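Each of the two complexes below includes chain A, the first together with chain B, the second together with chain C.
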Partner chain A sequence: MQTSLLGKTAVYAVILVGALLFLFPFVYMILTTFFLGTNTLPKPNEVFHVTPNFANYETVWNKNHFTTYFMNSVIVTSVAMVGSLFLGALTAYGFSRFPFPGKEFVFRIFLLTMMIPGVINIIPQFVTIKGLGLVNTYWGLWLVYIAGGVVGNMFFLRGFFESIPKELEESVLIDGGGSWRIFWNIYLPQSLPAMGTLAIFIFQGTWEEYFLALTLIKSEALRTLPIAILMFNDKYATNYGQIFAASMIALLPVILIYMAFQKKFVQSGFNEGGVKG
Partner chain B sequence: MSRPVGRARRAFGSGDFRAKAAMCLLVLLLLFAAGCAKDGIIEDVSNVARLDDVPVKTVVVWHTYSDEENRIFEETVIPAFERANPGIRIEAVRQSSNQEYQAALIARASANKTPDVVRLDYAWIPRFASHGLLEPLDGYPGYAEVAAKTGDRLLELNRIGNRTYGLPLNMNTKAAIYNRALLEASGQKQPPDSLRTLVDVARERHWILGMSGLEMWQSLPYFFALGGKLSDPSFARTDGYLNGEDSVRAAETMASLFREGVLNPNLLNGAGDLWTEIYEGRKVLMMDEGPWYYSILLNVANPKADLTRLTVAAPFPSDGANGPIVGGESLVMTRGAAYKAEAWTFIRWMMRPETQTEMFGAGLIPTNADALAAAKAGGASTTYMDAFLKGIEHAYYRPPLPRWNEIDKRYEEAMEDIFLGTRDVRDILNEASAAIDRVLAEPRGASSGAGTP
Partner chain C sequence: MSPSKSRFAVGLRQWMAVLPYIALGLIGTAVFVLYPMIKNVLISFQNFSIMPNATNAWVGFDNYAKVFEDPNGKFWIALRNTFLNVVATVPVNWFLAILFAVLINAKFVKYKIVFRTIYYLPIVTSWIIIALLFKYLFADGDGGFVNYILHQKLGLLPKAISWRSNYWSAMVMIWLFHIWKTVGWGVVIYLAALQGVPKDLYEAADIDGANAGQRFWRITIPLLKPISVFVLINLVNGAFGFFPQVYFITKGGPMDQTQVIPSLIYTQAFEHLKFGPAAAMGFMMGIMVFLLTYSQMAKIGKQRMF
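For the complex of A and B:
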């Protein structure tokens, strides 16, 4: 069917306006980072006449131990992401392929735990972490980040795993492989689009996590990036130029991770044509 | 039987997947390797005891000082304390002040894993004390001496039941900040003492009075100044006060001033940029703000304007009995503090007039009577600080109630309804008063978990 030129123009106009609407706050934020001493937000007429400079970026990079916290966040988030993906995938594999008594009941209990707001969990989590002697350590953070993500990740991956044809498993069994081989060589590669998407979600969620890190980490040297960003927010005033510059720096790894994995979003149909007959 | 072919088979040895797996492994290996990077067996030499060492106890202090305040605290106050007390080391940890910080502190306190000393907002103390998380300070040696210099009204803010859980470290209140050019153009030689006079000036010239919001901290000064009342003197009930004739009249006046455009017309949609408009524009005659307005804007790297020339600060004009609310922070000791005697030594050090005078350099108004007198005598009366120092004398002291935030919320909701003008003001205040009185009637739980030192 041919779309008329008028129709096409209207569609593109709507798309363009929509894109501009979404982009405008982001552009405003970037332009605000070029202002110095901004305890109030600059007005639109000022914003579009500012001369770009990196003074705020330089200040925040050298203030409030920003670089240390940035590297701390890289370590915490990398390990949490790998651990969460791996454990989430293993759990999803178990739930999608192995029959066991009370499977659906356990699954529903798992889902129930997702409905509890994180802030309610904070005291029991802290008491448990303290009991394990992991307060003020990254191991404590990893334990909660990885274990806390298992249910959500499993829920996300289970559907993908169930759509993978059983026949692919049988090919491994014929070649003498076991359950681990099936998981590693069939399920993981076949669900790369889902894993890529999940990796971005986990990275972003952990990278931006503030509350647990604030509660668990006592030493300034071990703090993560969201704590550093909020340190720019004084009790009575916010230096918007600095806080936006800090947020822009913090956003870079998320953008990089997105660029690395975004191809996986559109790569659907991994197993199409994988089974004959 | 079907057989796997094509992509699925290739996936067995997918180079792309292997590369990603290898990357993950590399990250993990690097992390483990980092742990093995130490040269010697001793990880932290500074923590190893020596024969000639005086045993050092580390007191952990959490605070929310701003940049300038923190600079004086860490570079001057703490080194001086450690020099005078060689057996005590202070580990100061700066935090950002928000609701998550409060929740994190409560979570840590519940598991007895708290810092030793915390600088807490006055308004937070009743809640922490009612949960049994704070150590009463009134039994420690020398307390009476410190308390005598602090004054009973401020101590009252930290008193739950008959125990005192914090020592007020610094205080503040709001003052009226005027656009100097507009004030002079109005023919007023001095900022008026009465809000009604100010309202007449603003109404006549179509200027704006910059109330910044509807929470108690923001709107109560105007409500009080127009004759409104909140409660009986002991804050046992609000019926007959918050919904009394004077209060209904005050609330109606505020709402009508808002509709006229005299009281910040942007109040319900973000309040606008009062910090800039007060000196830059030609519409906002007055706004109310704390001393940080000057201490922050005068200390930025390249100030946009000479605030001391463009604005005038004066105590908030009032025709009522009370002025703006007294705010500030106290030092508290946590119930689970590891070194209580040392923590107390530090608290006492912070209450000294010398220390408070140092911190006054960053705009923190002292609570110690001697330091306050020295601040007034030392030239503060010629600066913007004078308005705040004078304003505190008539300020309103909030009662130390663990559920104060609920009362504040009821008040704010009532004000919202009044300013939206959807219902009768008297009905709204009657409902708010009844709701607040229900909160007040419930057991305060003030000393349920509290004990003696």
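For the complex of A and C:
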């Protein structure tokens, strides 16, 4: 298929303008983090003429217990991620490999819960966690994050688990291993790309989760990064350089992980089991 | 042993075999998802308070009446905005996604992965931070970047706009925020789908002398139809479920004019402590979303969504 030079130029022009539109806000944000004035909105002319420096990053990192909030988020996110992956995989394995009466019914209930927007559940989830005496603890957060995500994670992994050939299980069975060994030695290693993709989704979702954390966590010392950043924003509303330096630090882990693994990403949704390059 | 009893025994044995794997998931879902859904319905019929020792008296449909009889009509405004959000964002989002994907997929385009990565970048960033960034870009006066470009540089606006202080400009800002943040998802889905479009169809079309536009409308669009159904359903649901888009940009302001139901539920419950009316709105929204999703699923038949 031959495309004329004019056609090629037009195509490149459109996708380059698109790329510029998606990249520019990030560039403007990064330039703003180099801006040192604290009392006024940085004017575009000022933003375009900043000298790169890390003064704002240093200030933010050492100010307002930022490192505490960062570590809080690391703890909350990593436990929630490991717990969600394990429980999601375990449940998906049960549903993809075992026949049992009432499976269809359980599936329908699960699908129903997927359709209902999560915000509706925040009020009663808060009441439930309060009833368990877990308000203002990470256990409360972890329980809701892990238990609230298990249905979606199960649906995501089930497709991959079902595409694993049954013949692979026979080697374990011949060696005298049972269902547990099949899960651990066959299903988990065989679905690493899917597990990895899901891990990134869960990481991102938990790392930036705001509403539940705001509702459940009351004491300042336990706050997570998203809450800290919004409070920081309310407190130093005009200190744009520092607000965006803090934002950049919060964004960096997710962006780095995404860039590192994006070639191994699996498309979720329509082509189950397919690994896309 | 009677056949029915043996079937019961088999079923029991099957349950015992699967239970170690699914028990935790079932209990977790029951306690933290299903029970809250039921509890939400109960709260919607109570004069509910989170204070200890509150009586939480049953009040029938009072909370629902309060929602509908609100003198400012907040619920109706939120409902109207929800439909506006769908109408304003879904077509743009869909068209940009398929356009960018098809162009990036053109044979001669180099660095496809770089383009895909850049387009997907907004998806992996946090709603909160991008909302802060958008509020900064759309700041009032000529110091805000968007005003600076549109008013001072290009002269497209007669004066600098206070984007978040007026209903329509706030809505436009929320839509732009949503589209910018989510277009990459559609692009990536379509790019993956395009890998499966057979090349020889295009070669045949070339021989017949079809131009780029004809190839796009007569081959690409029809072949991608199943994926487009999937993409459109997700875009409609996404636009229907606006929450961070509104909460982090305007908090529903000015004067609750830009609220959508989720943000209204959240602010009514946790800022005004009106849990009963918030739960009533939640239950009504749950039913609406269920009917919407259910009708979509019935339409596309048994095609698996997950």
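A few comments on the model shown:
In the analysis below, the second predicted complex is superposed on the first by the 219 of 277 C-alpha atoms of A that agree within 3 Å, B and C clash if a C-alpha of one lies under 4 Å from a C-alpha of the other, contacts with A are read in each partner's own complex, and residues count from 1 in each chain.
Throughout what follows, a contact is a pair of C-beta atoms (placed from the backbone, for glycine too) under 8 Å apart; a residue touches a chain by one contact, two chains touch by 3 or more.
Fair warning: this is a prediction, and the values are worked out from it, not measured in the lab.
In the superposition on chain A, A:210 makes contact with both chain B and chain C.
In the superposition on chain A, contact is made by A:119 with both chain B and chain C. When the two complexes are superposed, the chain touching more residues of chain A, out of chain B and chain C, is C. In the superposition on chain A, A:127 contacts both chain B and chain C. Of the two partner chains, chain B is the only one touched by A:171; chain C is not.
In the superposition on chain A, contact of A:109 is made with chain C only, not with chain B.
When the two complexes are superposed on chain A, the residues of chain A that touch both chain B and chain C are 40-41, 43, 119, 122-123, 126-127, 130, 210-211, 215, 230, 233, 270-272, 274, 276.
Within the complex formed with chain A, the chain C residues making contact are 11, 14-15, 17-18, 20-22, 24-26, 28-29, 31-37, 39-40, 43, 50, 96, 99-100, 103-104, 106-109, 113, 115, 117-122, 124-130, 132-134, 136-137, 139, 141-145, 148-149, 180, 184, 188-189, 192-193, 195-196, 202-203, 206, 212, 226-227, 230, 234, 241, 243-244, 262, 265-266, 269-270, 275, 278-279, 282-283, 285-286, 289-290, 293-294, 304-306.
Those residues of chain A whose C-beta lies close enough to touch chain C in the complex are 1, 3, 7-8, 11-12, 14-15, 18-19, 21-23, 25-26, 28-29, 32, 40-44, 47, 87-88, 90-91, 93-95, 98-101, 106, 109-110, 112-113, 115-117, 119-128, 130, 143-144, 146-148, 150-151, 154-156, 158-159, 179-180, 183, 204, 207-208, 210-211, 215, 226, 229-230, 233, 240, 243-244, 247, 250-251, 254-255, 258-259, 262-263, 267, 269-272, 274, 276. Residues of chain B touching chain A in their complex: 1-9, 11-12, 14, 17, 24, 27-28, 31, 60, 64, 66-67, 93-98, 100-101, 103-104, 106-108, 110-111, 113, 115, 273, 275-276, 290, 292, 296-297, 300-304.
Residues 36-37, 39-41, 43, 75, 78-79, 82, 119, 122-123, 126-127, 130, 135, 165, 167-168, 170-171, 185-186, 188-190, 192, 210-211, 214-215, 218-220, 227, 230-231, 233-237, 239, 270-277 of chain A are the ones that touch chain B when the two sit in their complex.
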